[in-house]
């Protein structure tokens, strides 16, 4: 790491920094600039954390050189992580992008869910998504049907062969959820719920980790690191929009560039969720295509058999007929991109 | 609520909105403007939620008139909530602002903690704060000493008479924590961990709820609403800075204006945390005063007996001698503000 | 507009609002809700502006129904604006997306500029871009070669047949600039330099207006409105990234969704600038494609004959050989999208 | 500066960086870390700018050690800049904070303006502020009365002895404005209108520079640097709120902490504008006090003789009677702070 001292740091201040570092086995080099003294230190940050140096008198700023997510970084593993399911579906690497579709929440009406699942299967999707536990900003909004919803999801999966995804909100639900679903999802609001990250980290189910509304890319990868660190290597990142100063036309701003950025620095697969990212039905198709063209490993889309009566997120859910049309175009688009990537070695 | 239709909404689109509303007992009134049709609807949003209307074809935007936090709002309770502790300490209303001081994390060295506690007591603080479970962005950072830390905290409290505050990160720790601490804290990263909000809502301990890095004031009050709704009326809000585009000089931007805003619309007490809000030792005193002058009901300050060796947040912790000086000036400042407010009925 | 009164607004407060509105010819309707009184008012906002109502005692909030950009909006003109150049190039509507390429700044070396121009022409670009006046955050950075740069630009244009684009920073340079360039550019930092917007509004050259770092979509369209209002109908919007809380990996966050949003609400053409939007060479191609796939009418790309010695923005400039490869793929991609849009009437 | 190379940078990449630096007289030192190679370079950034290094292949990131605002920084001038006016008023250093009051825009009614000016004078203010040229987001809003407004302002100043402040929007108005006003103001939207900064930099009038909605502290100081660099040393900074993700209750978020931060790193005086910072009448007094308590050198307040009929910003303007009460309390508060700072050498 590099330590920049305040302009008015004293010799004693500087010496104290040097001593702490050398006492802990760091190699240090100190350069007096015109204004600031700068100290380079190479060593094991587990013995002296940057925060501890920062607390010393006269330290202005610390610049850490190595990205702090070691397991998520390509520094440690260069090849893409590929997540494989028993039915042969694969996410990541050179595999064709997957599609996860389904209602925001699983509701009372199983037939409605099944209609969506059948449409998803016919459209070539690999996953059925649906919420059983819903994080809702207001306590007066629908909070999900819980285990009953998971039973429905599993039943719809058995009838269609789709894999299932559902959000886990609490570590205590984890064992139960693992009985029903193929992929666990951590929602944007829980991206720094570290207890939950650790719990899914000790699980053997793949996990979709959604980027938080205010997560930097670094924090997002560090949240993934918490899961990897606790043993679960099957983490799928999900870009779903970040908070900006403008929410008049879209709920969030989709950070499309984060996908190639993350692909450059991490080996983990990353998918996009244009439904939550925009909150607008008419933006799902263009943003899904934008995600695919920059290299996303999959798309998550909200579909409802009757959006006008949906208990949550109706505004951003596609009705089934529109979903079919969108999927037809997305499949064509995705196939062509995939074909070129595979056989023409064109840069995508 | 007010529903604004798209420019090209059809008569059928409009009729569908009107029907849904009237079928559910809303009184509606429809106005055709030059460009947009606007529908006013008065009724019970629990029967038709705004989100459900939003999902109808041709709806551009919905404007909800009444703030959605009913229990947190002065609409339902005009007088300030005052939280009273058995030892006579009170937070909120016309009571003198309280001070909560202590280390970021409780560490191995009980004597160090006790030194801080004694200094806090002598300086007139009412609460000893200290983390037992630490939410850390990186899995490689110190995560807290858990129950042992709570035992230390309680012991320091018994020796000094200070009340105690510590963060709860998981609902499963709640019963255990209630045995040790007087006030539970929900951290900024858990502000929308709804399972946890519901759990502390069913508790009978006062709760400090920290504003999330990206919480709007509305979302912050709705997070409080989740706790209130589940039965716990003793919620203390805490402004601790929000995320902005600039973190070169301060960790966060303290939204000082949020304090008088929240005081206007909610009856809940609100305190400020300039240590986390700024991340810089030299900014704690001025920002604490700024918080007091705009009406905060308390201050939370990080103090450490040896910040240069603190396991977390040393940079923003005051060492004990500096803390004593700061407290002397803060007490003088706070006393004078309180005196004027009480006896001169001057506006603060 | 809709006026929402404070909970504790008095009858006198309410009457005053009603009187002001009716005195100015508004039709009003007043609804007393459980908590808030709401007033609907239809009339000419030029006689009583929302801001004037907002200043009345007891007014909580005003919701304006009609978007305030009348000339930029599809409300007034449904068909796409198409901008045509004497040489037959067209921007907007169903025309094939254009490409504008060139160095950030035009530098001393004319041969270098010509190399870029020739490469751009050969790659099928229609415009040569290059800065003569450079807005620079620091006064110590290179500020552009001024008129000399414009002469070079014109000369390169004459030799290649490319149209030219350059940024105008001050109204007093306008006449001079119009002698040299085909399209004027207003930079992101001048998006609310209203004097400059008015001046280019009185010009008969097409104008590229870049979105400000912190412009909402509404403000962006209102900035365009200033130009349109002063008489210049040939405005080309440009999405170039907005400021967010994360600038570790990209300079800005490209708001890709803003393109289909703006296309829905405005008839003006919109292009994207992935060079400034990301600040990273490796992100230009993927983000350019993402822009095209969501409907952008053009792309602006920084190219330099020797980026390692560029006087500005070298990091985000493509060297000529890489530019050629990128353009080959972009052309293929763009042609296919255009073909489908034109002949297969597929939604893009 | 410190150059961090990409993980996969080649020896050739590294050598090229070293060569460019040494060829330009930099002293360099290269350290191979486990993952990244890091190069320290000491030398004159005017010969090789960081941007030029950044453009080299394999460079990941550059960390500049010395803050780039040399004239604005305490590195070059440790003592506070104090700006003195012929009538003895002083801004900055240990002088008592000044107050600038007046309407957002100067309007047709001179008597109204005079009423405000007299009230301001009686309340102990030193400056009368009022807009002649108004930057307005919409072209349909009132744009100011121009030179006529300046004549009114001067006349009101002559009758009361107040100094005057008004915003300059265009360099071409500068000479004319200098005939009328004592202090020029650069608005938030023009904070990076460099042509205008350069023009006021060549002026001999003091300049108030408002922080932009999305200016980092570094960019804000660099904007000041543009003025200082062109020769005008009398720059007064003004914190007026920044854009955040929440504008439901306040127009902007006032970054109160920026005041002590800027005081630490720059010698320039800084004032606050709680009227624009919050956009709410009821927040002006508390935020003004918050600004004073953290060390602001002055306050700017909008006052109108008839806010309900103001042509701009009525919502955030104080009516005269309320202004008098607020000023009485602000004066008492400010006097006490100043007294303590001067005579008790208490830290404020």
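Think of it as A, B, C and D in the order they're written, each chain with its own count starting at 1.
Everything below uses one rule, namely that a residue touches a chain if its C-beta (ideal position, glycine included) is under 8 Å from a C-beta of that chain, and two chains touch if they have at least 3 such contacts.
Values in this document were obtained by computation on a predicted structure and should not be read as measured data.
The chain with its C-alpha centre at the largest distance from the centre of chain B is C. In terms of C-beta pairs in contact, A-B outnumbers the other of A-D and A-B. A separation of 39 Å divides the Cα centre of chain A from that of chain D. Here the spacing of chain A and chain B, counted between their Cα centres, is 27 Å.
Counting only residues that touch two or more partner chains, chain A has 214, 243-245. The touching residues of chain B, when paired with chain A in their complex, are 16, 20, 45-46, 49, 51-52, 54-57, 59, 68-70, 133, 135-143, 169-172, 189-190, 192-195, 212-214, 219, 222, 225-226, 229-230, 243, 307-315, 317.
Those residues of chain B lying in contact with chain C across their complex are 2, 4, 7, 29, 31, 33-36, 38, 40, 42, 63, 65-66, 74-75, 243-245, 247.
Against chain D, the residues of chain B that register as touching in their complex are 214, 216-218, 242, 244-246, 248-250, 253-261, 264-265, 277-278, 282-283, 285-287, 289-291, 293-295, 329, 346-348.
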